[in-house]
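You will see two complexes here that share chain A, one where it goes with chain B and one where it goes with chain C.
What follows is the complex of A and B.
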């Protein structure tokens, strides 16, 4: 039996291979590279401009001032930017892999699933949202009237990690359904993630509890940007500071349970979505 | 003559519902989830006494109708889908014009959500205190022109995909990002700062859903909006037809 364990050194080698391939795809011609950079710039500016322009015009939204709103948008960009950069090869959208019958391709690869899913990074073509998030965060921090304690960057990293775990867990939780209904649920993870990405830009501060609580529990878009922003700006209670981490753990465990359950069903039933011409049915 | 297009549209409806209507539920839930916070943003601005160029009632109607008619506000066809699914290749194997096929197919794809989401939400609007009757009947020609322009943009962006050697994802991302802001469907042009509304409505994307919504809620002037929409329709359709003819032979597709 082939030993498919991967050492840390091998893991980083694989990351390097994908990074080189990504760089090669970007550098294949100057025109293409210019277009990608221009497109990234336009799309990132457009994505945050709507809510920020509203905040600018009205001096803030729902109890958050202009730069607090900008901070929140930057935080959201960091979360989704990092996940998009690291979750290439559809690792962030497992329902596509499952629904298209591509998980079976992973069976024959001499690498564990976790490694296959996490090494397919796009650090050059997929980093624009992350980089714009950093830039917006710096602008927001420079204009916020608060003193940042030494431990503040640590808290930022921990909260970012919790938000990312929540997004990934939800994606895998909903993708579990794809094991049972591959065609119908092929895009369920993108439905969840794209809508969460959209809803995360809403400042929830001025909203009533019956809007805010569902967005922090059943559909936790509020944990992707707004709630962590409140914590980082010192506007949350001590107990509330732990909520994102607790929620992240709970969703991760739930997702793991249901994904494994779905996978057991999948290995018995399988899926065949390819027609003889090579295209999907 | 229209029979074959009707059948294409019907096939398209079935392709959206062949797994059962229950699979449309997540999308319906997501639309509602994204609608509610945006409605409350307008309400919270009004409660703060912010000076807005539109009334709260207009803003609520604007957002509500935009979500109800989301598919028509910004047209997305199979052309913006990935070429991996060979949909574009299939179009050339059928004895029908490509333009007609795409339009029929897209109209068919709209139907399930229009019937299962938009219609019930339209009937429920008075319960939420939202006015959904149009302020001006000019909104309907504006809707036709904005949908027509949306199809023209689809073909233009499809040509961009072909010219960029199938980087369909990149084209899709650029298109979605540009259109969501510059169409004025999410944030009405009238309330943008820095006097942006004076010029932003004249750029081509401004004649998409935002133009219709402005007339629908009565925040725009038909005499100003409709000629601009007509102008961009003529320009963009000429560009789409001409460029598609020149681009289609460069198209490639591959399995995925």
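What follows is the complex of A and C.
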């Protein structure tokens, strides 16, 4: 019986080779490296500056003061930054892998699919959002009039993990459709995630229930930054504190179920030119 | 058609009554066709059974759309059969994917496994880690591939900068780094020039002969296939139409032979031989050796006036197979066991 398990040591070996390759890409030439870093910086600053400037101008938004808004923006950057860094080989956008016929490369690799999807990291070229998130978080925390308990960092990590699970689960949930219609759904995961990323930067405090609740359930952009921020700032009830974790578990189970179902369909019914709307060639 | 003479434990590949169906959309002409588009079920493979013994070098041929790539994908676990079962190196490609991929090499000529924006050697190092290849095995194979495939000068070149021939050689080397026992090659000589093709063919023959690697290869270039492989399996319209050696395939089409006669300028009239072309005293004919044995042919030539020289050679396999393809095209169905060829 062949042991197909991947040990932690081997997992880090795999992460290491992708990290080395990413670093080599970045270091290929100085101009290229400067361009990548400058473009990332501009894009990250632009993404958060609009909302933060509004908060600055009006002394806060919807009951959140300007540094609470900044904290929320930083939280969102941490979530998306970490996922962008870890999802280098389109692991965050599996519909692209399926739609472009790249799963065929994965079939012939002697690694479990889960490992293949999570080791393809871009820690150097993909880390700017994450690093800017850390910087913004430090600035926000230094300016918040709040005492942070010893368990607060643990809560931060757990909530970040829950938000990431929600984002990844939704991406995989929608990507399951790509198994049935590879061409039509190739970009479905990026469309969903990018739209959620845009919506997550709006503070939902003070918004009417008919806007807030859909953004915490059907289109959970509120769980990517705003709701966890409320918990971390001590503005949520005890029961509400558990909501992101419960939601994350539910979406993860749902996504796993439908993704596996779609995958079974994919290998049973055929791919490429044989299926209607098969891969773009 | 299935070669039962290969015992299951000696078989590298066993396909048992494998069928694979797909659906295709059909749209007829006219306005009606726009609103009434129909789905059609296509049988890419129909009840195909075969065995490939360990250490064999098998060509897998057939016209476009015959089911060659589908078979390759079924064997490498990229697809699952609609019916029947597949066993590769004693494993199920579906259930034992990870273990199988450690012992199997797959190369599709129309796609690369190299990292496009990295030097070739980087892709090789990536493969070493992902396949968990021991240092000594990796180094031994790298040295050997570098020498045999002459890729030393391109190891540090970025994959996107390589010519097609260089890319194919690099892909082939990468595929063999983990010492696979079975290699599936789909159109490995696609688009290669004469020199690159020669290198590829010589190398494949070498690894089969010296390393005992079982090879299954598809190609549209029949002369290449005949040079490489000892056996040929032919597929047509999703059914296995022939499984045997190349001489047997020739006999199917009537054991045709081509010969050229050099004369004093006159074109000879040879009974039972078909004139193919020629002028200025060099004329090419075709004959069926099953009707006109070599001895009779030589006797007839010796009795003919004006003949100065004769060159006899087998009909190119390309032509033999072209005839087969044409005959299959004209048929509505194929009966594997009793097939008549009207050529």
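The criterion applied here is as follows: the second predicted complex is superposed on the first by the 268 of 281 C-alpha atoms of A that agree within 3 Å, B and C clash if a C-alpha of one lies under 4 Å from a C-alpha of the other, contacts with A are read in each partner's own complex, and residues count from 1 in each chain.
Just so it is clear, a residue touches a chain if its C-beta (ideal position, glycine included) is under 8 Å from a C-beta of that chain, and two chains touch if they have at least 3 such contacts.
Bear in mind the structure is a predicted one, so any value in this text is a computation, not a measurement.
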Clash or fit (per the criteria above) of chain B with chain C on chain A = fit
Would you sort A:204 into first (chain B), second (chain C), both or neither based on which partner it touches?
-> first
For A:230, is the partner it touches chain B (first), chain C (second), both, or none of the two (neither)?
-> neither
Using the touch definition from the top, say if A:42 reaches chain B (first), chain C (second), both or neither.
-> first
Dominant contact partner of chain A by residue count, chain C or chain B | B
Considering only C-alpha centres, what angle arises at chain A between the directions to chain B and chain C, nearest 10 degrees?
-> 90
Touching A:64, do we find chain B (first), chain C (second), both, or neither?
-> neither
Once the shared chain is lined up, is A:188 touching chain B (first), chain C (second), both, or neither of them?
-> first
Check whether A:14 is in contact with chain B, with chain C, with both or with neither, and answer first, second, both or neither.
-> second
Between chain B (first) and chain C (second), which, if any, makes contact with A:107: first, second, both or neither?
-> second
Where does A:267 make contact in the superposed view: on chain B (first), on chain C (second), on both, or on neither?
-> second
For the superposed model, what is the least distance in angstrom between any CA atom of chain B and any CA atom of chain C?
-> 7
Would you mind listing the overlap between the chain B footprint and the chain C footprint on chain A?
-> 274
So in the complex, which bits of chain A are touching chain B?
-> 32, 35-36, 39, 42-44, 46-47, 49-51, 53-54, 56-59, 61-62, 100, 174, 181, 183-185, 188, 191-192, 195, 198-199, 202-204, 206-208, 211, 214-215, 219, 221, 274, 277-280
Would you mind writing out the residues of chain A in touch with chain C in their complex?
-> 2, 4, 10, 13-14, 16-17, 21, 24-25, 104-105, 107-112, 267-271, 274-276
Of all residues in chain C, those that touch chain A in their complex | 20, 22-25, 39, 42, 44, 70, 73, 76-80, 82, 94, 96-99, 101-102, 104, 106, 111, 113, 115, 117-118, 122, 125-126, 129-132
Which part of chain B faces chain A closely enough to touch in the complex?
-> 19-20, 23, 26-27, 30, 33-34, 36-38, 40-41, 44-45, 47-48, 50, 52, 84-86, 164, 167, 170, 173-174, 176-178, 180-182, 186-187, 191-193, 196, 255-256
